[in-house]
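Both complexes shown next keep subunit A, but they swap its partner, so subunit B is in the first and subunit C is in the second.
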Partner chain A sequence: MAETATREFLHNLHDLPQTVKDACFRLGKTPESEREESQATFHNLFLHIHSVRVHVRTLKPTLTFGLGLMATASFIITLITGMLLMVYYKPSTDLAYQSIKDIHFTVSTGRFIRNIHRWSAQLMVLTVLLHMARVFFTASYKKPREFNWLVGLGLLIITLALSFTGYLLPWDQLAYWAITIGSNIANSPREFTDAIGITKFFDPGGFQKRLLLGANYVGQDALIRFYVLHVFVLPLALVTLMGVHFWRIRKDGGLAKPEDPMGGLAEWGGERRTVFQPLATKTYGLMALVKGKRPPVNRGPENTVMSWPHLFWAELSVFMVTVAVTLVLAFYSDAPLKELANAAIPENPAKAPWYFLGIQELVSYSAFTGGLLIPVIVVVGLALIPFLDRRPGGEGTWFGTKSERPIFWQSFFFALAVTVGMLAFTVNYGWLRNWFPNIHQLWIIAINPGSLLVVIFAAWSLFVLKRKDSVRLAAVSLFTCFLVGFTLLTYLATVHRGPNWHFYWWPSQWPVH
Partner chain B sequence: MKDPSRIYRWLLLVASVVTVVYLVGAAVHENYLAQWKTVQREYRDILRQKATDDRGRELLAKFRVEMKQATIPALGSVDRCVTCHNGIDDPRMTEVEQPHRTHPGHILDKHPVDRFGCTVCHHGQGAAMTFREAKADDVFWDYPLLPPEMTEATCVTCHDGEKLPPEQIPLLTAGMELYRERSCGSCHKLGGRGGALGPALDNEGAKTKHQLIMTSLKPPHTTWNWQLAHFRDPGGVVPDSLMRNPTVTRREALALTVYMLSQWKRDVPESYLAPDKIEQKYRALHPTPLTGEQVYRQYCTACHGNGTYTRWDKKFARFVPAIRGVSLVSTASREYLQTNIEQGRPGTQMPGWGPHAGGLLPEEVTSVIEYLRASAPAAPSMTALTLRGDANRGLSLFLRNCAGCHGMNGRSGIAPEIGNPIFQQAASDEFIVRTIRNGRIGTAMPAFQRPEAPALGDQDIADVLAYLRTLTGHKSQKAMAQNNTPAPPAGGRP
Partner chain C sequence: MSRLDPPPVNRRSFLSLASLGAFFAAMGTAAAGILRLPNPAVLPGPVRRFKLGPPEQFSAGSETAFAEQGLVLFRDDEGFYAISSTCTHLGCTVARSKEGFACPCHGSRFDSKGSVIGGPAPRPLPWLEVGRAANGDLIVNADNEVPEGTRYRV
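Let's look at the complex of A and B:
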């Protein structure tokens, strides 16, 4: 008896690696059949958000360039490095700067971790913006994906907010003055209320600024507020919305695709047969109700491949590419850290983070128009796209509908010419205030380079709408104009704006102060 | 159908290799190749060479390659300089190469590193772990490492510069002396005392390079480089500077620079202050008055020179009066001088020097008046003025004879302002009449009643006086009476 128990114990001990592995992984081995590959997918918490099979187009690199996944990957990188930084960071105006210096100098590889955090955050903002452009130009917001477009817009705003709140935490000159500028942008409605003289009774700008900073200036209250937002509130909101975003991708039928992506034919048993075409909303859940027609007999399957391993190879590779890019950038380029924040020594020029520099350029024309009106118009306009452009067509294809590509290029060059012309004119000749020093501020709020650009772009879009008789083409022209304008304004403010917001060809020409 | 995920597997391979290479590279780069570890390994070799006696062997045995720092909460500093400067308190290291060498002099005997750290004297970025970032002249840091010869500027953080042996702080001593000798206080305030033409210099040493105009300065753009260049040629560094070229030698410029760098009201706990520093703080609250001559030298000579001649000031395009000239001293009353010194001359560059303006003590004003008056005997009092003047007639006489230099209404000319309220209040009729009659010897003011050629008769002078008295209305005199401390005179600050 005792002998058998000992033997059993030794046997179990011998099998321990295998039994632990079996316990962890439900399938317990490398899948060998399509059935096991399906199980590998839907028996795993992290993978089961994917469908078991995906359309081959999903794996085409040029369809999405993996941008959404890159944004997710950079978020995961910031999350991990952020938690490491939190261990050392002290959110107090007295200690914050020194704690960043300590991370930089004495924490083992702390400098590298902070660089990774910084670079992946920048990469996240960039990829989120590009992802939005991809979704737009492949018309992937159309029914039934309207809601996910809105969720994506929310994610964009949270991403910007995350990056912005993180900007203050090092408590150096760069942070201090960038947030000062940012909070003044929040204060911009005051330009309008001042102009019509109601600030005393109704001051939304001042309210927004105080809400943001917890005081009238950037200080300890602002720092702790930004910290809480940065490490808790916003990441939580982002993760939640990301969950919704992913879940909706799945529920809305995966990546958007045209009705008959491959001419309606598929390989099946060595011959080409008509494709079995489910509805766009089809899901693969066993218990899910399949709406619409029943699967027709005598038709081939879709052009699908197993998610395991193909999709997961693709996703893992995009993830690792993001990691690799971030590491290389972080290795060679340090995250900036200027002198300790000092309210007595203003940075000149004080610049907001780069993704807000387009807005700062507009604010330099008119605070109200540039800081509130135009951003609101842009966000509302973006949100309305899927509800105003409802005619199906072109889903999942770059410039999928008729004459979309020519319209894109026409709008591109139109917006390029108009924006460059407008900026060059403003830089050379100034604006209303330079010509009529006593003009009422309301005129400048109404008529400034920013508002004129919006009007011209809108007029162009209406022109396309009339001429081409297509809402999609009007949307394409407007979105293209927005992208070009945003990029050029950001570029101008980043490279060519120097001390006192004057124009310089290169930063090397700035007067040294 | 060809394998749809083949390209991704290659991509994954490449990305993973890059990731691993850079992770390992960063770990090695940040941990094993750190500059300070190399330095400490070198130092261990030196210790090994010098371990010839028991003490040396003990030091070698105790030595660990690890980060070292002096944390001084009272001074708010964490100085990691000793991570590389391992030998600063080891007397055997006088001959070895930096950074291993012994600290020069005997300063560490009384200023141990674990109590004072390094940056309180040397500035620089104490938290840094590489020399470039510790030196901090081309990284973002407010106070980069001071050049060795200027380090004495920081002695006065805890000491009274006047009480330290001059041979220990030669430049600082020379700088303090030059500051008095060149009468810098005529234009600049220090400790609340001085003129108002230039900026106050109380926290000049606390300024960062971002607070100074570096446009026309050759690199490196450090604050001391700015000070050095500025003392050699103020207008060349600060366009439109009002400051006269102090014409100093290179060494004098260095001494003044060190003195400027020492001007830093730094908050240091009392336990760090030398007894003489505490006395100095006490003396600042209870100052001993300077003699009249000292006051004149420190606060007057920059504009008035030795005071016996009128100086034409090119920068401000006006005459600076000869305040020790025989004509003024012999005619002006004590009250006239006192009002002018205490309240200044609005409209000119002469600021007020009373306790609430230029910061002179009442005793010092008195003694400087004595000093001025000692330069010439007072003239006997004049016979009483009896003639009544006619202001309208006086106006036409004034326009013909006076307005050319003194300006319309006695304002904004090249000569002293006689239309301003302070003058009107301070100058007695007798003083004015006598000055018109006799002129001011050594100045451009002629005598209008020379015996050989009387330009104005007694009645004419009485008329001019009557006109002058109309220049300040009743209203402004009342306003002056309410406000004893006039605003600093107009005129740009550098």
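Let's look at the complex of A and C:
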């Protein structure tokens, strides 16, 4: 008996690597048939959010450019590098700046990890914005994907909030003054309540600012609040919403695609065959239809390929590209760190991160209009798109409906001309306050270059609506105007605004002081 | 019974609705109570009453900038006055310029009495309350605004 047990023990010991591997991986080997490929996807917690087969259109790089995945990849990179930075970072006004300096100059690979964190965060904002534009121009928000458009909008806002809260943490001059400005933008409803004299009774601005800073100024209370938001609350909210976002992609039928892109035909085994149409009255297995002897005879599944390996290779390569881009940027370009925060001397110019500079240009006309009113109008407008444009058509195709492309270009040049004209006028001639120093603030809140741009863009969109008799085209024109306006304002504020927010052609012309 | 009359609600569904309503009301109240926490009951921060020294050290026609305290103290023939150097637009610190004050962040411009002459600032720079401590030193209370033109005579 004893001898048998010993032999069994040795046998098990010998098989250990194989049995552990079998225990971890349910399939236990590289899939060899479509059936096993299907199992590899379906029986894996991390992969089963994908469908087992994907449409060939989904894999076409020029449909999505992998932007959503890139945003996800850069989020994962920020998550990992962020956890590493938390090891050394100390959220206190006395220690924060020194700990960032330690990370930069002393900690092994600290400088590189911080650079990666910053660059992937920037990449995330950029790809999230581009992803939104992609979804819009391929009309992928239409029924049944309205809800996922809203979730995406929520993700955009959380992404921006993550960037904003992260900006304060180094506690240098840039951080301190950017957050002073940001929190006073939260305070800016006061500009309106002051103008009509009700601040004493109703002060939403002051409430928002106190909630954000925990005080009337940017100090320890603000730092710890921003830290908690940045490392816990917002990432948790982001991960939750990302889960919903991905789940809904799957439940809404994968990436948006035209009803029947190949006219009921499919490539199947080297010949064209009628596409398999699922019967409404029949229940099919969840795992997918795979090649085999079973019916439907003589019919191919619609133009799909197995997710394993096609989709997963594509996803892996997008991840690789994102990591590579981030590493190269982080290697060659350092995240900035200015002098220690000093409440007595503002940074001049005190610029927010680039994706907020459009808003910063707008607040240089009116804090309330530019900092709150216009952003809220834009977000509400974006949220309403899928509910106002309900006519099916063009899903999953760039500029898919009739005359979308010409309307895009017309709107592009219209918005370009209007925005450049408006900015040139403002830079050269100033605005109401310069001409009528005693004018009531309400006039400036209502009429300023920012609000005029919004009105002109809305009017243009209404004009398109009337002339083209199409809600989608009106939406395309408005969204294009928004993109052009946002880009130009960002560009102006990034490149051409210098000390005292004056206009300079190049930073080299800034006065020395 | 006309067909416009609402369908009768039976006791069971009425009670279910009422209890569901009570559930949401209770959760809502609890959530509102929890969310009161982040709203600070006491605002932290130093007292913003600054001793600036004996009045004799400021000659008539002088102006003295106090960067840490965020104000500029003036003395003219009529007396002392202090103007806050925190921009009323978005809270940057203004600097002295030829015309008066200029804000580095978004280009607001003020004249030497703090009135807005350009840029996005919605209000003039506030004039602050000037007074004297028991030992005779000038005190500026940066939390108290006074109307423009108010002077403190020594």
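Quick note on the criterion: the second predicted complex is superposed on the first by the 486 of 513 C-alpha atoms of A that agree within 3 Å, B and C clash if a C-alpha of one lies under 4 Å from a C-alpha of the other, contacts with A are read in each partner's own complex, and residues count from 1 in each chain.
FYI, a contact is a pair of C-beta atoms (placed from the backbone, for glycine too) under 8 Å apart; a residue touches a chain by one contact, two chains touch by 3 or more.
Keep in mind that this is a model prediction, so the values were computed, not measured.
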item: Contacts of A:Pro499 with subunit B and subunit C, given as first, second, both or neither; value: second
item: Contacts of A:Val328 with subunit B and subunit C, given as first, second, both or neither; value: first
item: Contacts of A:Pro31 with subunit B and subunit C, given as first, second, both or neither; value: neither
item: Which of subunit B and subunit C A:Ile345 touches, first, second, both or neither; value: both
item: Touched partner set for A:Gly206, first subunit B, second subunit C, both or neither; value: neither
item: Contacts of A:Pro258 with subunit B and subunit C, given as first, second, both or neither; value: neither
item: Subunit A residues contacted in one complex by subunit B, in the other by subunit C; value: 345
item: In the complex with subunit C, residue positions of subunit A that touch it; value: 177, 180-181, 183-185, 188, 191, 194-195, 207, 210-211, 214-217, 219-221, 225, 343-350, 360, 363-367, 430, 433-434, 437, 441, 444, 499-502
item: Subunit C residues within the subunit A interface of the complex; value: 38-40, 43-45, 67-68, 70, 89-93, 102-107, 115-123
item: Sites on subunit B touched by subunit A in the complex; value: 1, 3-5, 7-9, 11-12, 14-16, 18-19, 22-23, 25-27, 29-31, 67, 78, 80, 127-129, 133, 140-142, 208, 210-211, 213-215, 217, 221
item: Residues of subunit A touching subunit B in the complex; value: 56, 59, 61, 98, 101-102, 105-106, 108-109, 111-112, 172-173, 267, 305, 309-311, 313-314, 316-318, 320-321, 323-324, 327-328, 330-331, 337-340, 342, 345, 511-513
